[in-house]
Structures are given as structure tokens and as C-alpha cells.
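Across the two complexes that follow, subunit A remains constant while its partner is subunit B and subsequently subunit C.
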Partner chain A sequence: MAMKEHGKLTERQFAGIIANTLLGAGTLLLPRDITAVSGTGAWLSVLIGGFISIILLLLLINLGLRFPEETIMEYGMRLTNKWIGGLIGIAFCTYWLFITGIIVRIFSLMLVSSVLLKTPLEVIVIAMLLTVLYFSRSDLQIVGRVNEIYFVFVILFIMYALFLGLREINLIRVLPLTGGKGIMPILKGGLKSFFSFLGFEIVALFIPSLTTQKLAYNYSLKGIVTPLVAYIITMIVSVGVFGVEELQTLVWPTLELIKVTPFPGLLLERMEAVFIAFWVVAIFTTAANVYYASVVGFTQIFKLKEHKTLTLTLLPLAYLSAILPDNLHDVFEYVDIVTKFAAGLIITTIIIYFAAIFIKGRKGDERS
Partner chain B sequence: MKKKTIRERINEILSNRTDNPGEKAKKEKLGQKLKENLKLIEDIIGFSDDVVVREFQLGGKTGIEAAIIFVDGLTDKQVINENILKPLLIEKFPGDELKDPARSDIIKFIKDKTITINELKIVDQLEKVIDGVLDGDTALLVDGYIDTFLLNTRGWDKRSISEPQSETVVRGPRDSFTENFRTNTALIRRRIKHPALRIKGISIGKYSRTNIAICYIEGLTNKYIVEEIKERISNIDIDNIQSSGTIEQLIEDNHFTPFPQLLSTERPDRVAAFLLEGRVAIIVDGTPFALIAPITISIFLQSAEDYYDRFIIGSFLRVIRLLAIIIAMTLPALYISVISFHPEMIPTQLALAFAGGRAVVPFPAYTEAFIITILMELLREASIRLPDPVGSTIGIVGALIVGEAAVSASIVSPFMVIVVATDTIASFAIPNYSTAIAFRLVKYPLMILATIFGLYGLVLGLIILSIHLAGLKSFGIPYLTPMAPSRLGDLQDTVLRPPIWSLRKRPEHLRTKNEKRFSSTGDDDGYERTR
Partner chain C sequence: MRSRKRFLPFLLILLVSIILTGCWDLKDINRRVMVVALGLDLAERTETENYEYISMVKLTAQVAIPEKLSGGAGQPLTIGAEAVWNVSAIGRNVSMCYVNLQQRLQDELFLGHTRVLVISEDLAREGLSRYMNFFRNNPEFRRLSYLLISENKAEDLLNTFPKTANLQAIYLMNLIEDEIQRQTMPDLPFIEIAIRDVTSGVDPIAVLISSDKETGNIKYSGLAVFRGDRMVGKLDVEETWSYLQLAEGKLSGLQVVRDVESEIGRLSIVFKDLKRKMRLVLTEKGNFKFECKLSFEGIIFSQEVPAVYTKEIYLDQLENRVSTEVKREIETVFYKVQQKYNADIFGFGELVKTYMPEEWKRIEDWHEEFKKVELELDVETIIRRSGMHM
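Let's turn to the complex of A and B:
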């Protein structure tokens, strides 16, 4: 299959895919959601969530490197059997397809409530999904390149926005750093923050395509630590600017953050439209990568020749999942469910596959 | 050849076997009799008026019949008179050779002792004789011999080397390519006096038989790129090539894109610089533009002059050009989206001024924008087609009078005129013509997207553009190198122009055989490396 030739993806592109996939809708919701649970200790929650994700990511890569020629869909079906492996694969792909819709929906809701007041939500969703469609028709090399460009771009933008916010921080609001409510809320917040890290599991599809597989650990760490740092800064800045109580009243805390931040000396008076414009890129890369993973995953499960055949077929499903929730509240409930489902799915998968390797003993190693 | 009867003629047409001179030239063979050969050639060339056949006898008492054939206008007649006819007529040929015409002594005698032409070939195939004559050579046929001389007497009216028209520089050489193939290759050879410079010729076009040269540096340029280009060019099977633009379209990687994947330049100094970076140049006879391949998008920020001025100035100019590209591409779309969707972004005072200017305009911002940009396109097209003095008048009439009148007639607001004028100026600041057009074209979809979605649409458009660009390739080299896939070593010479001393290596992505620019060892003798 043309999809997983060696050397289609450089390590830097690999890191870019991870970082871009993670940085997205999470930045919109993170501050309110987590502080609701763990108060000022929210940054610790993010750290914990990130830490768990890093461990899972490294385990996935470890698993992937045992089968340098195959993606998780293929070795999954070989390790267990057609049904279990196939079912796990389908679960992954369906969930990716679903979060594509959810991410686009969250962002569209923000657009409708802030800058595109009169535009119908559906139109915004469709426009984004069509762009995603165009992207998903490309080859993996192009996916890698696009991610590589946006990697630098998104990081610079987020850093710029947040460091400007640093000036507005009031330290009283940030303290106590541990949240002061004990360890449980922080752990709970950690699980909640997991949503912001979702998407790293798509790397399991790309490991066989890497130029130098030895560097997978190194660069995947680079890829995941970048959003982690960005999230922690977001957390501290938004708590420092608004305080925990006020954050609960804000629908889009990060957007409000940019609204209250003065940008001295610029030509434009209000910057949020510009920032939203940059945010489009961040959201796009997340949705597009996840959708691409879903398409490629399905292609491999059903052993199709080309992933292009599926791109258009699956798009209505992504659209459906985007318009399925009735309102913002619904969306958040879906997010909660998806987060738990994904965490469960990833952990179960890793356990099953490692167990399968263990049971089969050396057999698996010999074959690979 | 005997005249055909009507019946034969009809049969021939019915059997679809009409005279095909090209095919015939391949099939027929030269004989020993001069008269028959001449008849054959005249028959194939078709007794065209510009083909001159001069029959004569070789000098001395031999009385051997001979003839020269050349095309009037492609040849230098003085050379023919002085260096071919004169010696042949005056020279005393050894008489007794007549008895044994099978020996090619006369041919040898003519070659060694008579003709004072520097480049001559002896051929015995009819096709080569015809091709040579049509290319400006003079054919010399001698009765009793199959061997025919092809004497290089090429010389036709040509434009002299003039200043470049589309790539003028303030500081730097002022010569540019002409329509003449040899002049162009000579201009390159003059700038790279190293034996490693290779200029390989090939003839393309079934009817036009256009000469094409592929230039590269042996032992430096990546041979895979050279082979790929040779392969693609030799695979061209077309009847007519009149411009390097046709070649470009036939060998480019991706056809459905406004972005050029080969650079065309009329400056020999630029070609020389590109060759020594490890790229390949393609020269096409009849076109004053050389094609450069492979290229990446960052080349379109560059002008030849960048390297001639000091690096700070060069860098500054490149940043300005990048700005020009961004403005030319997005400014009208940005204006539409800010006015129609995000008026809160503008500082209050300015917003009031905008509103005041737009108060009398009956159209929404996007209609206004489309009206005036289309007007601008018309003006541009009109001023290119008109002769120079009238062209500038049109520019003045269009820009000043129509713009002014449109504003006072309340069709457009004064800000819109400023926006479009800035946009147009910016598009002229892009150094390469084909790129400027590409970005000018991209502007319209972006404007439409901005009309529908505001900044959101504009960004979606730019995302689509970036995906498109990431998918382009120029002879296997990704278009966005060195940004994506990133090559940190090459990144310094993109938006900024680093100091010459820091450009120690040739571009990495071209995978040259000899990477160092400074004190490069190894291949300096110009001979092929063992590989």
C-alpha cells in the first residue's frame, strides 16, 4: 500500500502532527472546565493529564516500533484476530470521525457567538469540513508538510498571545498553586484535561512511514511537550487574569482573555477577529489530522487500495456528529463522554495488544 | 519524378498515402549521381523559393560536376562565396582522379586542402543533409560520391544583445538573452569558463525542429535531476515548439496550478548563478528566456540584484517583496472582510472616516471591491497590448481620471481606490512575472471567500492554498522546500539574504555532488567523478 512507505514522513513532521493535533479545541475550553473541578490547582491537573498522555503515547510508540512495517490497524488484526483487531480499529476510527465533528462544532459555536453573528452554524461547519476534505485527499507526505508549516506558526501565535496576557496576571488569583482542596479534585481535573490531549493516538498510523524510526520517541516527546507547555501557560494566565470564580461565568475564557489584553501600538483596535483567524488554523489542523487518521484507518481495516475513495463517503458522518448536539451544553456532555471513552479505548487497546504479544511470546518478534 | 496522373492521385488520396516529405527523407537514399541526388533533394524540399541550388564544375581540368544547396536567409552568403565557391572553382584538382571515382580522394582533397570553413561534417544520409540545409548549413554534393559535405555557414539576421526587459536591475550586468540559440549558450559559456559546463543539444518538434539545450555542471549537478529533465524533454512528441513556455507546460510536474514550477529568466548572470547552485537550465531556440529547474517557491522572492548589493540591503528588499506578495494576494479580501464582518477591529476615528466615505456608495463593500479590481485588470491588460506611448496614457487616464471620477460619482469609496491601488502596486513589486500573475489570480477566490465568511473564509482560503502549495513539486523537489520539508541549512537564504561568506554550501535540497561553495576541493578539474 502506498500509504506507509518508509521515509514519507520526517521526524519533524511527525512532531508537528502530534503538536498540531493536540493544539486545537482544547485551548478554547480548558481553563473553565478544569478550574471548575480543581480550582487554582488546575495547572497541576493539566500536568497530570499531560503526563498520562505522554506515558500512553510512549507505550503506543513502543508497540508500533515492534512492528516497523505495519500500522496499528494491521498488526492489531494479526496479533489478535480479524474480529477483535478489526473491532478495535473501527472503534478508533469512529471515535476519530466523531471528534472531527465535535471539534468543528465547538469552534463554529465560538465563531457564531463572537464574530460571524449572522452566519448559520451549518454553513460554517460545512465550510470547515470541505477544507478538511480537500486536505484529507492528499498524500501522507503533503499531510506532513502542511503540519510542518503550521507547527511553527501555531506555536508562535499561541506564545505571543499568552505572553502578552502574562502582564495582566494578578498573583493573588493564581494562589494557592495546589488548589487547596486536596488531591482528588486535581486528579479528576486531570482526567477532564485529557480531552485536550486527545488525538496523539493517531501517530500509531504513521510510525511505519517515518524516515528514521529510532527518533520516534525523541520527536514525539517534542511534539507532545509543546502543547503541554502551552496549556499550562494558558491555564496560569487565564486563572491569573480572571480568577477561578469569574472563569466559571465565561463561555469562551481564552477568547475573553484576548479581548481584555491590550495590544499596544498596533494598527487595529480590537484583535479578537485576528486571533480567531489564527485559531482557525489551529482548529483546522486538529480536525483535519484526526479526520485523515480516521479515513486512513478505515482504509486499512477494510483493505482498500486508496484512501481517497473514503474521504467523501465519511464526510457526511463527520457533519452529522457536528450537528448532533443541540447546544453548547450538549456539546460539553458529548466531550465528557468521548474523553472517557477514548481514555478507556486507548488503555484497553494497549493492554490487549501487549498481552497478545506476551502470550504469543517470541512469535510476534520473530515475524517482525 | 514523373508527373502523376489524376487516377494515381485519387488512388493515393483514397489510400491515405499522400506525400510526406519528412518520411520520404528518411526512406530515400542518396545515390552516386549528382543529378539524381539533386532531384531527390529538390523534390523533398519541394522547390521552395528560398532554397538555392548552385551547380558548377570543380576547378582545374577534371570537369567534375558539383553543387551546393543552401537556404537563402539562413546562411551567410559572403562565407559561401569566399570560403566555398571561390576555393572550389579556383583550386586545381588533380586530374587523373577522375578515372577512379570510387576512391574518395576528391572528398578528402576538398576537406583537407580546399574549403576554408571551420565546421564541416561529411554525411551520407539524405535525412541529415536535408536537416542540415534547413538548419542553415550548406550542403556540397559532388558527382560520383555519396558522401556529402555539410558546411556550417549559419548566419541570419538576429537581434543584438539588449538590456533585459522584465528583469531590470540597478546594479548588475545589463545583458540579456536573445532569440538566437547560439548567442544564448555563448552568454552562459562566457560566464562559466569551466570545462565542467555541459550544454547538451536536442531537437524537439516534428515540424518546428526547435533546438533545445540542457545546461548543467558536470560533477556538481545532481545527475538524477539532469536525467529526469532529459527524459521528460526527449519524451515530448509535438509538432510545434515556438517558445520556452510551451516546453515548460509540457514538462512541469503539476498542470492544474497557477504557480510556475520552472523559472524563466532572461538574465545570463542569473542562469550562471543557478547553474552553480546545482540547478539545470533549458535554453530554447527562438526564445529570449531560459528555463530553470528545479525551483522552490522561495526563488520567487529573489532577484538577481539581491546578491550584488550588500546583504543587509538584499535582505531588506526580500522582506519588502514578501510583504508585496502578502498584500497583492490578500489586501482586497482583507478589506472586504473587515468592512463587512469585523468593523469593530478598526480604530474608531478611522472607522468613522470609512463610514463617511462609504455613506454615499450604494453598493456593499464586496461589490465595490469587485468593480474596481476588475477595472484594474482591464487597465493592465489594455496597457500591455497598446504601443508604449499610448500605454502610459491609458495608465494615467485609467488610474487618475477613472478612479477620481468613480469616487466622485459615488460608485466606489476613496478607501477602496487606495486599497486596490496598493494591491496593484504590490503585485508589480513581485520580481517574477508569472508568480505575480499567480498571486493576482489567487486574490479572487480569496475575495469571494471573504465575501461569504469574512476573515474565517480568508483563512480557510489560505489554508487551502497552503495545502495546494505543499502538494506541488518541481522535478521531484517539493515546492515549499526548505520550509516543508524543512532543511535548516537552506532556510537562511529564503526571506533573508545572508552574507555571501555565510553561504558556504549549495542548497541542500538539490543534493549536489560538490556541496562547498568556498575552496571546494575534489571536482575542480571538471572531470567526471567516479560514481
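Let's turn to the complex of A and C:
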């Protein structure tokens, strides 16, 4: 299959894919969602969520490196059997498809309610999804390159916005750093913050294509730590500027944060429009990577020749999942459900596959 | 194959005509009404059929007239009342006012350039948050524009045109920004007041402005003190200085004390540097006590009677005098706010929440607890130099 030739993806592109997939819709909601649970200890929650994700990511890579020629869909079906492996694969792909829609929906909602006041929601959703479609028709090489280049834009803009915000922090609002409510709320917030880290599991599809597989651990860590740092700074800055109680009243805390950051020099004012333009890139890479993973995953499960066959077919489903929630609160509820589902799915998959390896032997196959 | 190629241009024309129609409802920038300042007043009370009193609100928008502001070469620039147009509308709430205001204007209102939002005192005394929500919800409205409380009607303030003002709203904004830079006014953009409104443990304050329509004077006259979202009292400018020294550690204003040597004239001191240290302790009675240590560095600004402070003992005495005076003034303001208004504008509650989260959890009503808060002030002054004159 053309999909997983060796050397299609350099390590840097691999790290770029992880970072870009993580930095996305999560940043928009992160500050409110988590402070609601863990107060000023929210940054600790993010740290915990990040550490759990890192462990899961490393386990996934460990699993993938045992089968250097196959993706998770293929060795999964071989390790267990056609039905269990296929079912897990389908669950992953469906969830990726669903999350594409949700991410696009969240971002479109923000655009509609803050900048493009008179544009119908559907128009933005369709425009974003068509771009995603165009992207997902390309080969893995191109996916890697796009992620590598866009990563620079995304991280530069997020860091710049946050460093401007650092000046506005009111230290009283950041303290106490532990939240002052005990350990339970922080752990709960950790689970909530998991949504912002979702998407790292798509690496299981790309490991066979890496140039030097030995470096997978190293670069995947680089890829996931960057968003983790960005998230922690986002948390601290937004709590420091608004305070926990005010954050609960804001629908788009990160956008509001940029609105209240004065920019140096009087020449440029109301810069949030420029920042939203960059945000489109961040959201696009997230949605596109996840959608691409979904398409490729389905292709491998059904053993199709080319992934281009499925790109257009699956798009209506992504659109449906974007349109499915009725209102803002519905969207947040779906996010909650998806987060829990994904966490469960990733953990069970890892357990099942490792158990299968343990039972069937190291290579998990009679071939070895 | 040939027929397919012939078909392509038509397809192109079709596509282009679909894409380009996107501009059919575009609005030029000069077809927008640029609002530079907004004023909110209490209009009148009306009785509805079910004997419910509804207070009507009056929204005044100061609209910039771009043609008057452009001013070509050689033409004198229009200033003051000529450059802007104040339009008002009455409604049941702010959004009704906004809709009614829109009906009086040909083009679409645009709030994105609003610099100041003026709210009249009588409206602030009824409670701010229900009026502020409109602006919080509006994506155009700047979170960093200033919220002012007007002692007169807000409409009157917007109709007061100082002689040097090119655009009245910009004049107001510059007035505030200069005061903030001089550290005589707390930096209170709209968002800060909104944050203080919802945050427990701190009560909002807002800048008070008074105006005189006849003379065109606009004056900064202190702070409006809120309890919850209701305005409960005022601090005058000198009290505001003390407030700033205690709450924000800003070195605002002048300190006037009596001369040490001759006891006849007065001395004015300005402060150059201020270090503030705050410590929170729990007393045996279970009350909170704030130990605040302020160390000032002062400069002699002016003297009424010539006295030379060459002797160490005189300087020491002068420093003591300044310290006692500052301490007395700060304490007066603190007890006034604590006992009379019972509003925690100092943010002491936030300090408790931050440094004693366990204690904070057991407090049900911070305002009640705030009544019992003790303040221990320790003021220290060093006078380093005088001005140009010995």
C-alpha cells in the first residue's frame, strides 16, 4: 500500500503533526472548563492531563514500534481477530470523524458570535470542511510538510499573544497555586483537560512511515510538550487576568483574553481579528489531521487501495456531526462525552493489545 | 473531448458569477456610524398596566462626524460641539435603547470605537450589572474602554465641550490616561470593573467625573464606591490618593504638613518612591488583621516659610510628621469605607482567599467579616532632598 512506505515522514514532521493536532479547539475552551472544577489549581490539572497523555502516547509508540511495518489498524486485526481489531479500529475512526465535526463547529461558533456576525454558521462549517477535504486528498508526504510549516505560525502566534498577556497578570488572582480545594478537584480537572490533548493517538497510523523509527520517542515527546507548555501558560495568564470567577462568565475565554491585551503602540488596535486569522490555521491543522487519520484508518480497515476514495464519502458525516448539537451547551456536552469516550477507548485498546502480545508472544504472530 | 473543452469557459463564467455575488450586501466603512462615547441615564419612571414600576433608561451616543474631522490643508479643524453629534434614545433597557437609537440614524451603529462609557450616578445607585451585561455580550464593544460615573447626568457630560477638545470622547480618554500615568487615578477599564463585580472578596470602584456645561469644565472628582454592584458612596480626590497608597501602592498626590522649625507655615511633600508590604494575620479573636508597611521617599515640593532643614533633628521630626499625617489620612479613609459603606474596595477579601484558603471557606458573608477587619499601619518616610531652593 502506498500509505506506509518508509521514509515518507521525517521526525520533525512527526512532531509537527502531534503539536498541530493538539493545538486547536482545546485552547478556546480550556481556561473556563478547567477552572470551573479546580479553581486556581487549573494549571496543575493541565499538567496532570498532559502527563497522562504523554504516558499513553509513549505506550502507543511502544506498541507501534513492535510492528514496524504495520499501522495500528493492521496489527490490531492480526493480534486479536478480525472482529475485535476491526471494531476497535472502527471506533477510533468514527470518533476521529466525529471530533472533526465538533472542532469545526466550536470554531465556527466562535467566529459567528464574535467576528462574522452576519454569516450563517453552516457557511463557515462548509468552508472549513471543504478545505479539510482538499487537504485530506493529498499524500502523507504533503500532510507532513504542511504540518511542519504551519507549526511555526501556530506556535509563534500563540506564544506572542500569551507573552503580551503576561504583563496584565494580577498575581493575587493566580494564587494559591494549588487551588486551595484539595487534590480531588485537580484530578477531576485533569480528566477534563484531556480534551485539549486528544488527537495524539493518530500517531499510531504514522509510525510505519517514519524515516528513523528509533527517534519516534524523542520527537513525539517534543511534539507533545510544546502544546503542554502553551496550555499551562494559557491557564496561568487567563486566570491571572480574569480571575476564576470572571472566567466562568466568559464563553470564549482565550478570545476575550486577546481582546483585553493592549498591543504595544497606538497604531494597531483591536488586533483580535488578526489573531483569529492565525487561529484558523491552528484549527484547520487540527481538524484536517484528525479527518485525514479517520479516512486513512477506514481505508486500512476495509483494505481499500487508495484513501482518496473515502475522502468525499465521509465528509457528509463530518458535516452532520458538526451540525448535530443544537446549541452551545449541547456542544460542550458532546465535548464532555467525547473526552470520556476517547480516554476509555485509548486505554482499553492499549490494554487489549498489550495483553494480546503477552499471550501470543513478542511478535504476536505465528510468522515470527 | 473537443466538446468538453468548449464547455469549460461556460462553467468558468457560471462559477465566477456565483463566487462574486458574495459582495452584494457589502457596507462601506463610511456607511457606518462611529460611536466614540456612550452615556447611560435614568430617564423616568413609568407605570405599566400591572402596576409595576419600570425605570426607563436613556442611552446617549456621541457620534463622530468624519467629514468634519478630516480637515484639508488650510481649512481650520472643527472642534468641540461641531465635530460630534449626540443622539439619545429612551427604552426599557439598554438593548431597547440601542434599537431605538438605530432607528434615528440612517447608517448602522458601530460600537467598536467607543472610548468611554458614562453612567450617571442615580443609575449606578440602582445597580450596575444589569446595565453592563449589554456591553459584555456585545462583541464589538471594547473591553479596555473606560467606564465613568458622572455626578451630573451622563448626557450633560457628553454635551460638555472643553475649549481645547478636538473630539470630546478623546479628550475624556486622554484626561483619564494622564491621571493614571500620574498615579492619581486607579486604572479601571470596563473589564476590570466587570471582573470586580463578579469576583468575591473585592468590590468595584469607578472613576467619578463631574462636569459644567456652561464653562465647559470636566473634572475628575474622586471615586465611586460600590457594594456588590450598587454604588453606595464616594471618595473625594484626596481620599482617593490615600486609597491608592493603601490598596495599590501608588504614590499619588501631595502631602501637606506644618513646618517643624517655626510651626507657622506649611510644607508640601511629593512622594518619589513607595514600597508596600502587606501581611495577613489571624488575631486571637478570629478576626483578620492586615499589617501594612508603607515606606515613602519624599521630596519637599514647596515651603510657605523659609526654613532650612540642615539639622538632622528637624528632618527627623518632619519625616515623623509626614508619616503620622499619611497614616491618619489612610486610616480615616479605611474606617470610612469599612464602617460607613461596608464595601471591600481594597480587595482584602481576595488576599484572604489567596493566602488563607482554609479560612475563606468557612466565611459565609465576607461583608460581615470585613466589618471586623483590623488594619495596622506602619508608615515610614525618608526625605532625601528639596527642590531647587534651599
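FYI, the second predicted complex is superposed on the first by the 360 of 368 C-alpha atoms of A that agree within 3 Å, B and C clash if a C-alpha of one lies under 4 Å from a C-alpha of the other, contacts with A are read in each partner's own complex, and residues count from 1 in each chain.
Simple rule for what comes next: contacts are C-beta pairs under 8 Å (C-beta built on N, C-alpha and C of every residue); 3 or more make two chains touch, one makes a residue touch a chain.
Treat the numbers as computed from the prediction; the structure is a model and nothing was measured.
Shared-chain residue A:127: touches subunit B; no touch with subunit C. Judged by the touch definition given at the top, the superposed model places A:337 against neither subunit B nor subunit C.
Shared-chain residue A:111: touches subunit B; no touch with subunit C.
Of the two partner chains placed by the overlay, only subunit C lies in contact with A:262; subunit B stays clear of it. Of the two partner chains placed by superposition, A:166 touches none, neither subunit B nor subunit C.
Taking subunit A as the reference chain, the count of touched residues is higher for B when subunit B and subunit C are set side by side. In the superposed model, A:242 makes contact with subunit C only, not with subunit B.
By the touch criterion defined above, A:270 lies against subunit B and subunit C together after alignment on the C-alpha atoms of chain A.
Subunit A residues 115, 270 lie at the interface with subunit B in one structure and with subunit C in the other.
Taken in their complex, subunit C has these residues touching subunit A: 112, 136, 139, 142-144, 189, 191, 194-195, 198-200, 347, 350-351, 353-355, 357-358, 360-361.
For subunit B in complex with subunit A, the touching residues are 338, 341-342, 344-348, 452-460, 463-464, 466-467, 470-471, 478, 480, 483-486.
The touching residues of subunit A, counted against subunit B in their complex, run 10, 12-13, 111, 115-116, 119, 124, 127-128, 131, 134-135, 138-139, 141-142, 144-146, 148-150, 267-271, 273-274, 276-278, 280-281, 284. Across the interface of their complex, subunit C is touched by residues 113-115, 117, 172-173, 175-176, 180-181, 242-243, 245-246, 248-249, 256, 259-260, 262, 270 of subunit A.
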